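Let me begin by presenting the structure, written as structure tokens, before commenting on it.
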């Protein structure tokens, strides 16, 4: 049942890759991945990252994948993240001023690039003028005191709240995970009885964003020319399916070889193909 | 605080209208609406319907709005519905064969137009080959026996399930409502522990679909040129906001003049503007 | 790992049985069950049914288990159902008058026995005086038109709503299921944004009700003297555990021998013991 | 519509009080409360606290209410908390050994009093033998690092998890709140896809526990002799109603005079009476 990724990729002109669990893991770039990507590029494939990670700018995320001859395999405009959608949202809905944020200063990039002023939540007091709240990506961030600040702020004022990553957890090392900003947003929403504006796979909007980028580079590209490669049924595969592009599940990350069929049956999320990894 | 819709519309070149509660209600097209639409068209505005109703084909839905001189105000290609996204999904994920559906034969249009064969759920037995299940829009449909059929079918087989309307209820007459297919899908999902593929506002995908249509007609159109007009905070306004277009809440349908500000504060969903109706 | 039920039962003086999947199935009383129950009674055990079924009166439900010599093995006062708690609730909160109900006339027993007047929902109009709504157990009931009536009634009036069975589905024949009143209540609650008063396992209240009955018959009985026997982790075992009595999972109904350990690990609901059935 | 609490109390022989918002607030015991309680005691009423607070032992919680002549108004056996139910659960389901807990050492009282050994989660490593996990009440506790520990622990091992307070937030000062252990438990459950064993109002089990205590002190007491006094519709009033005792909402805490009727209509939770406070 398992396919060879290299053989499969030949049928597509554009490939969307999830990053964590497909291209890299907690130890860094997965062995053999750079060579496969280089081969695809040489064969004329257009490669994009479609990640739920917004903890760094697209440029910093893309820079991880370097090839001796080809250089950066994912230049800035080839990396799509929920932070970019959050940036666009802020640009259109928060015309001017301050955005209070929960997260590290690295992820505040997505506020600054919208032409707004990021203010850490713990620097806000009752008198601070705030146009919106942003829950940014938070690897390694101590969010506990700020959660209570966000809750009390939003109990008394009505303003847009944007969440730059829908994932409930992020992987740390080995098989371990930590609570991510999507989980924190769930908690705050349930306490306030409100729903925030969230970006991230499986939302089809992530895919239409990257599709627009691909169309700009390859005019006339059709959905059937695109393959989404991901390790997670609930985000990569569900989202790619909904957007109408072909999907391949890799068993190099979140989903294990022993029980992938069980998980497909239990969730009802069916990838078009399954590969062990992209490098085998 | 309330704006004049006519004055507001002058600032936009493309206008997206929700249908029920904005253009029509249970008695038919709302008084004065046809005149306003005609005036907008004469002023060069491009008009689109972005509805969650998939109980009829786009053609039948658009045909309701006729002007003595201008004819059909919304030709088929100006009407976007979740059924169209469901059709595209089936086309890409169910390559051939039968789709079992819950709903009336009118809404099966969205299966046929994907090149597939719609089979009513109550005509399926254990031996019927089925490639997918579609929960279609269901006004006035007696779905009770079929719910149990869907549940038992999906307990034993893994296949894609698509839902062509995310709304929990639809309006009937006066202030009354009836359970819609989105509510039925919630119930089945919760029993099966699965999540189906759903289309409909507030999903940004609905807006990117209509945006693509608008771009084909008006090349170079930007999001800031578009106004979304809707009567429901949770679908029209939340979805338009997320997609980054301007939004106006009308008080001619779901949301009443007495408590719209309360509902905005409680939900945290903030329209850019509020109008009494489009015809006043 | 599997225990003998007979050997296990020796350690307890009071035994609570779930009915469906333990004592009976869609074909009637399970073979050998009457003999086991008779043996337990002869050994001085006090036997009770703790069921989520309220589609009939306790008397009718108990009458199913007849022994040639011992007669009815579960007299009326040995059968606990959510309907009895719903009856008590109505008695204390609806002092007088009409209760509109969704369900069959058989289950209206639980309204009449509270001294109130049951009125089928489809006999209610805008002028009917109603003190409460009861969603009763509904095997084989055509509830679709009444759901819309309940929704519209409760959108305009504030009154208590009581649900006499928390289960989402009930078993029909073979391995099949049908939507039960607990699932319907979920749907209505989600549409209205309200939570009703629900009775049924795993709610510890069901167990404290039967514990009070057992204490009346066997004064001084302690929780450690009681064994709960059930085929469903989520209701029988979770509820018994929470109430602090010992629990045994039987594999004669809802939970299959092939995957019970997987289900225990996935749910985190851990029975004290597991038996193939009570009759083996 | 507002009643006098003193006049109302005359009709009952047993009174259950919620603590926070009824008897005390962030500044301490509410003015006039001690006098009212003393008067009730002198009139022969039996008084109990039924709280969701498990951050201290019943003895410490009761000690707050001192009268110059009558001494402690709530001796240890008159204070019911979810921690006591959690203690009973551990006693019956964790026969021996260690219980890893999230919370302050004060709340570990509820583990020790079950005859088990509390071990703070941050002292557990992979080799620690653990029989259960307890999420205890956590005012002022820094739980962020421990949440990740709990999640990773429960991803690899199956064991009972008990939550000693179902509330999502607790009040801090003024109108502010902070995330409570019930909210944290929601987050962890949603990440793991499991449901823990939770105790606290509105669960009827809390009321049946205190009812058993009241019966021990006043043999033959009936439910209609008991009045539940609380400031929160969702816990105090919903729970008291479900248990079948009379309920009075006070407007001295969570629920404000301006909008209590709106909240009753929106939630469908209807108190039998409403009072401004118990001291007016």
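Should a chain be cited, it is by its letter among A, B, C and D, assigned in written order, with residues numbered from 1 in that chain.
What we mean here is this: contacts are C-beta pairs under 8 Å (C-beta built on N, C-alpha and C of every residue); 3 or more make two chains touch, one makes a residue touch a chain.
Please read all numbers here as calculations on a predicted model, not as lab measurements.
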item	value
Euclidean distance of C-alpha centroids - subunit A vs subunit B, Å	28
Inter-centroid spacing, subunit D versus subunit B (mean Cα positions, whole Å)	45
Where subunit C touches two or more other chains at once, by residue number	none
Chain contact graph, described as a line, ring, star, complete graph or other shape	ring
All chain pairs that touch each other	A-B, A-D, B-C, C-D
Residues of subunit C that touch subunit D when the two form their complex	88-89, 91-93, 154, 158-161, 192-197, 203-205, 208, 223-224, 238, 241-246, 264-270, 272
Subunit B contact footprint on subunit C (complex, rising order)	142-144, 147-148, 151-152, 155-156, 168-169, 172, 175-179, 183-184, 186-187, 190-191
